[in-house]
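What follows is chain A paired twice: with chain B in the first complex and chain C in the second.
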Partner chain A sequence: MRKYFLAATVCAAMISTIPLAMAKTLNFAHDLSFGAESNMDPIDGNRLYEAIILTYNRLVRPSYKTEEPEASLATSWSSNDKADVWTFKLRDGVTFHDGSAFGPEDVVYTFKRIIDPNTKSAVKAVLDIIKDVRAGEDNSVIFELNSSHADFPLLLIDYRARIIPEGSGDTIADTGIGTGPFKLKTLDAEGISEFVRFDDYWDGKPQLDGINVTAIADAGARQQALAAGQIDLLLGATEEQQNALGDGFNYQHIPSGAWRGIVFNTQSEEFKDWRVRKALRILADREQIIKRALGENGGIVSCDDPVAPTDPYLAKIDCPQDIEGAKALLAEAGHKDGLDIEVFTAPLDPTWAPLLEVYQAQAAKAGVKVKITSVPSDGFWNDVWMKKSATTTYWGGRPADQILNEAFRSGAKWNETYWNVPEFDAQLDVARSELDPEKRKEDYRELQVELFEKGGAFIPFHLNTLRVVAKDVTIPAVPSAALRWSDVTKN
Partner chain B sequence: MSRLLSRLISALFAAWLVATLVFVAVSARPGDLCTTMLDREVADIQKLVDCRAIHGLDKPFLTQYFNWLSGMLVGDFGRELRDPVKAESRRNRNVSDVIAPALDATLRLGLISAMIAIPLAMILGIASALMRNRWSDLAISTTLIMFMTIPEFAIATILQGIFAEWLGWTPAVFFGSKISNSSQFWMIAPLPIACLSLLMMAHIQRLMRSSMIDALNSDFARTARLNGIPRWRIILLHCLPSALPPTISLSALTVGYLLSGVTVIESVFNYPGLGRLLLNSLYDQQTYLAAAVVLILALMYIAINFVADVISMFVDPRQRGAA
Partner chain C sequence: MMAFLDPISYYLADKIYYLVCTAMFITMVGLVVIKPSRRLLGRIWRHWNGRVGLCFIAAHILISVFGPWLIPHDPYTQFDLGEIARYYPPGLEFPLGTDDRNRDFLARVVSGGRAAIAVTCLTAILAISWGAFAGIFLTLMPRWVDGVVMRIVDALISVPWLAFLLLAMTLFAGARGFSFVPIVGFFYSLAVLRVVRAHATTIVALDYVTAARARGHRISWIAFHEVLPNCRDVILVELAMRWTWLLLAFAVASFFGLMVEIPAPDWSLMIASSRTLFLSYPYLFWPPVIMLSTLVIGINFTADGLAKAIGLDRRAADMV
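Moving on to the complex of A and B:
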């Protein structure tokens, strides 16, 4: 009798520790990549990304279908003829989680904090174009820019450009007060951070009662937690995990805009001839590279185009494998007996090694002998990347204008191919200030075609993010940064 | 007594040596902790100089070493290095405060595993010896060797698959930054304890079995049998004391091995112990925190071996006699 009593007590103790609100509380994990310092400040380097997407809103947000901006805390926007002064009309009746009203002063404070020279924020580089921001008439804000930018609202889609209450800069890292669908209850970056539904959310009452975001650093442990029903979502899963988890889940392959590739220094002796560079790119069978390096649905073919597959400015370019074309170009450039190249890499990214191995085999068919040199990870970005004439690279997704300016404008800090073409820079300026959307699209298309013809970046694919979802959870198949969490449901 | 003293001196010397090696390893890494903290701002020389002065990294190597060593003697492992401009910043948590709950969690896990695995392995070893070369002996030995050869993460995954996914008896991983109460511990602990126990048992069982077989075949056991002493008395009072000392020494070594395995096990179960803390501190570039964890694990290993030596001396009269 006594042992049954003991067993019952232990069971009761175990059951009592299971959260009662399980039924309508969504659980997912983060990988603790920013460690114990992870916090709720959206512009801090250690922001807890999985949390800030729940608690804050931006002025504009990406549409579910494309990366075009859509109304969020701003309901409409317009610019002057030069596109260097922009006015955003703000949404009425929005409140922050602490009950205070949202207004132009909050927007002005948020953006002045971002562009403040003393603020150590990476998003400052994106929004440095803002010269001044001030409150306008009739619940609006006015942005004055340093130069014309026809797609300025696109820049405000940046996942860090989240609106915080006026004067909250010193406390926001702990309080997490925003206007988003969920409000912070407890923050424990190394444990469970709890969020509860914000009933006064302007975009409709969220479907879930709450969301728990738990730190699980080990990828295998996250997979086990999903398999055992402890979490409902697995973000950034791999194809191996998909195979291991089997049919009991829904799988979403979401274009991320992130890309991997090999960059050739266009100013180096080896790669200064555009025919050599093009030959090295068109010899590749990109479908095969995706299959081997990422798995069947792991990515989308890119024709050396850094612009994301969902970006409205993406150019349509075909790039089938062309071994004969590559050989002819090499012969024209004086390499009719073949070419030896050396590509430097490091074990920093899991896709680099398989990408290079497949590329090496494909290049051999065109008479190009690729020597792969792997260096230690810790010195790669400082001592190898942008120092050696051919290296592997990776980039996260960015809007077209941003990636073209960051990676291909002459003199840009991360112009890793040393693409130094004044005409290209001039056209970037033209595209940025062109107010006619069709003409702007054409300008950006020409820039992408130019990169495919003569550029130094071999970009075989854009990555898909794999999201694994429990069967009882309904979640739109869009990137996390675009997701409206108030739409997510759980049965 | 002098033997005990010499063991103690050896243990203290080993502890000092490990502490020194850990400090040298931390100091020998390229750059220093300020270059890590300042990241891209490291180009600002004045910031670098200020940061080094604030955190005492501008002092001579030996001064830093003695400060670190003297701090450790009183349980002060210093502070984390996250805020480059203010040593007492809230961001720079006290390393001892960070380690204490993790150490407590790991000790609980390790001690309970050892308390289960060591006696169980010894009993199974004795049972195998008594039933040697029968199918039951073969079954016990084969099963334990199988668990010994499978990597710890694989055992953990198998157990998670069976008990968490399939049967749903226990969570697969722990949710939380620390264990707050016993019910939380007992909810997650069974699977890690089972893993660690299975990892430890094979070595101990194998040695216990062979030592026991040697003892059972010895002259004194044969003489005792011929004198008509009951079998249980021969086993418990004559053979077991003879077979125990080597098994105790091996158990200590195995617990040491367990400490290395605990890093993987804790990571797979997301268990908030020293192993998980070590991995997270390395990802987080908190070198002093990682060094402190490595040092504590090493000191635990030394302490366990010292205790095992002492127990062996008490159990085995020959070792006492050598004193």
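Moving on to the complex of A and C:
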């Protein structure tokens, strides 16, 4: 009898504590893509993304509406006339999770560590433009650049450029000490990592008591965990999952800037004529590709423009389906009786096969026969991509300047279309060092129009991220890299 | 060596599929019409699993031969149906609705077995003929040859065929489907070789083989005239059994997207793409599952019935 009484008491106690303990703790999952290697070092290749966005801050952060920089740990910034020396004024009265004060020496340390060739920093490629960084007067830091860059603050938005305390490089992977809204309590990359509210957060006390990040490797299992109430949100989901989950949740379609597409080698025998390339691109009905390959709100139409829909430098281009125009261009280029092409792909990305199936059906209307050849995922990036003259591709979202330089500058390592136009390269340099914002915008616009006219990349859409949120959680509908976690609430 | 098959592979699979189906149809009619085979069918029919197997196979043959004539849509057309860009619900026009690219799902289900049936039929024939001949010849060879070869076979049998298939796919980018035939055919023939060899060993020891040797006949003559006829039952059952396992092997490879090129229909590929939908769109998930499993079960049960009908115990054969 006593045994049963004890058991009943324990059960009752457990039941009554669960709602209390979970009342204001947000739960979400990560997909364990780096396994047990996952750690808290923001510039490590195995950084646990879902955790570093909670515990650290950047100097500048993206605004909620666009990818323009907004004050974070830096309150204001300015450059010299050549835009190669930048001064950032830092926020006063900020403390790290361990109680130490935040100051210029931490910023200097962080960025020296990022550009240090010995740290194997994954973000070095982006911030290599920094020549030197030093503390300035009056709580500020000064960046000296290798060349002019009018949009240097945009580079500092990179989600990995997060400030850590001076001298913490060897321990940061375990401690996770930053200035962010939540501090690390326990790190268990293969289980549940716990974070608790940082009461002295400079941007106001966070609304939640804590956040638990659980490792759930399988997408189906994450969906079930959400349906069962074990987690409160899915950071990325599909339309099929939305259909399966039903009306009990809120769905946010968030422009991600990531794109999928088909790249044609502009130097290859088959695609060296720009009319062929343009025909292959304008024959597509991009709205239909989105609806049929991704689902209703799966993406935003892109006119072969790699620049993200939220980017302030996005050019406005119109690109309706033009079958007759495509046929005419093909005939001009000597393919009066149609054209046969072969596109290589792999089961690496779930959107490639649907994209190709819809594109194939649309291309047939313009007399273009598309043969789809799929190879095993393993060898795709090394043996097929940039080796065969037409392949599928994917890119994550990047600021305009970065994506144009990484994917379309001649000689760039990932110039997948072998786009080799000296004037284009020259204009990239002009745009980067142009200090007048309006003129700079025009420079970038011309580059994008040029790519739509003659380029080799068919970019039908930018993906939307579908975020599924439990009804009792409010979370701003912005990309997770821009999200301010102190704003998130749960009832 | 296999790359030349590539551009025509699906076309070829389609033709072979029709040949296989027609041959099966003719065989089916023939079996019923010709008297001795009718007796064999009758004996298979006596066992309940033989009965189920024969029904499933007959249904599959009828669907694949006559199905495409009865369905108005072809499996490739992506329909423009106004507001609904995909997943059109089932109705009169599309009895099973449309799939994720707005194609008639019934048409895709009916033609979804083509590549699998054609490719695995070829593979089964290859595996059986090479495995059976090697098995019979080995028993007639000097003992040490038999010993050496069998140890090599043991080593090879431990290698997973999927690894070799992946290797071939990487080497001959795009040589899918038909690279399955020689590679998987070879690995499956090893198991056939062991079974047939085990059976042939008992025959080679019999007096009439010794007599044939004494008469001075060549090994090949003895193999074809004395041993092979006595192994026919085992080989027939092996053929049917291996075919079901090959269908499963093909389904596995196809599930991972290694076999059939999109947008060609294939049951296993359909299952792979709709497995996350089975709660929201069950009618897009179950039909290919049912088709694939009834075919596999059908052939397997018939093989079972056949083995019992001709007095072979499959469990004993499996253990070798």
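In this section, the second predicted complex is superposed on the first by the 472 of 491 C-alpha atoms of A that agree within 3 Å, B and C clash if a C-alpha of one lies under 4 Å from a C-alpha of the other, contacts with A are read in each partner's own complex, and residues count from 1 in each chain.
The criterion applied here is as follows: a residue touches a chain if its C-beta (ideal position, glycine included) is under 8 Å from a C-beta of that chain, and two chains touch if they have at least 3 such contacts.
None of these values were measured; they are calculated from a predicted model.
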Practice task
Look at where chain B and chain C land on chain A after superposing the complexes, then choose clash or fit.
Solution key: fit
Practice task
Kindly classify A:324 by the partners it touches after superposition: chain B alone (first), chain C alone (second), both, or neither?
Solution key: neither
Exercise for the section: Determine, under the contact definition given at the top, whether A:292 touches first (chain B), second (chain C), both, or neither. Expected result: second
Practice task
Report for A:174: first if it touches chain B alone, second if chain C alone, otherwise both or neither.
Solution key: neither
Exercise for the section: Considering only touches as defined above, state whether A:215 meets chain B (first), chain C (second), both or neither. Expected result: first
Practice task
Would you check which partner chain A:241 touches, where first means chain B only, second means chain C only, and both and neither mean what they say?
Solution key: second
Problem - Vertex chain A; arms to chain B and chain C (CA centroids, nearest 10 degrees) - result: 40
Fill in the blank from the handout: The superposition places the nearest Cα atoms of chain B and chain C at a distance, in Å, of 6
Practice task
Name the residues of chain A shared by its contacts with chain B and its contacts with chain C.
Solution key: 220, 378
Problem - Residues on chain C engaged by chain A in the complex (per definition of touch) - result: 7, 76, 78, 85-86, 100-102, 166, 169-170, 173-174, 176, 256-258, 261-263, 276-277, 279-281
Completion exercise
The answer for chain A against chain B in the complex is residues 10, 13-14, 16-17, 32-33, 35-37, 120, 188-192, 212, 214-218, 220-222, 224-225, 227-230, 378
Completion exercise
Touching chain A in the complex, chain B uses residues 30, 41, 82, 91, 93, 98, 153, 157, 160-161, 164-165, 168, 171-173, 175-178, 182-184, 186-187, 267-270, 272, 276, 279-280, 283-284, 286
Completion exercise
Interface with chain C, chain A side, in the complex: residues 219-220, 238, 240-241, 243-244, 288, 291-293, 295-296, 344, 347, 353-354, 356-358, 360-361, 371-376, 378-379, 383-384
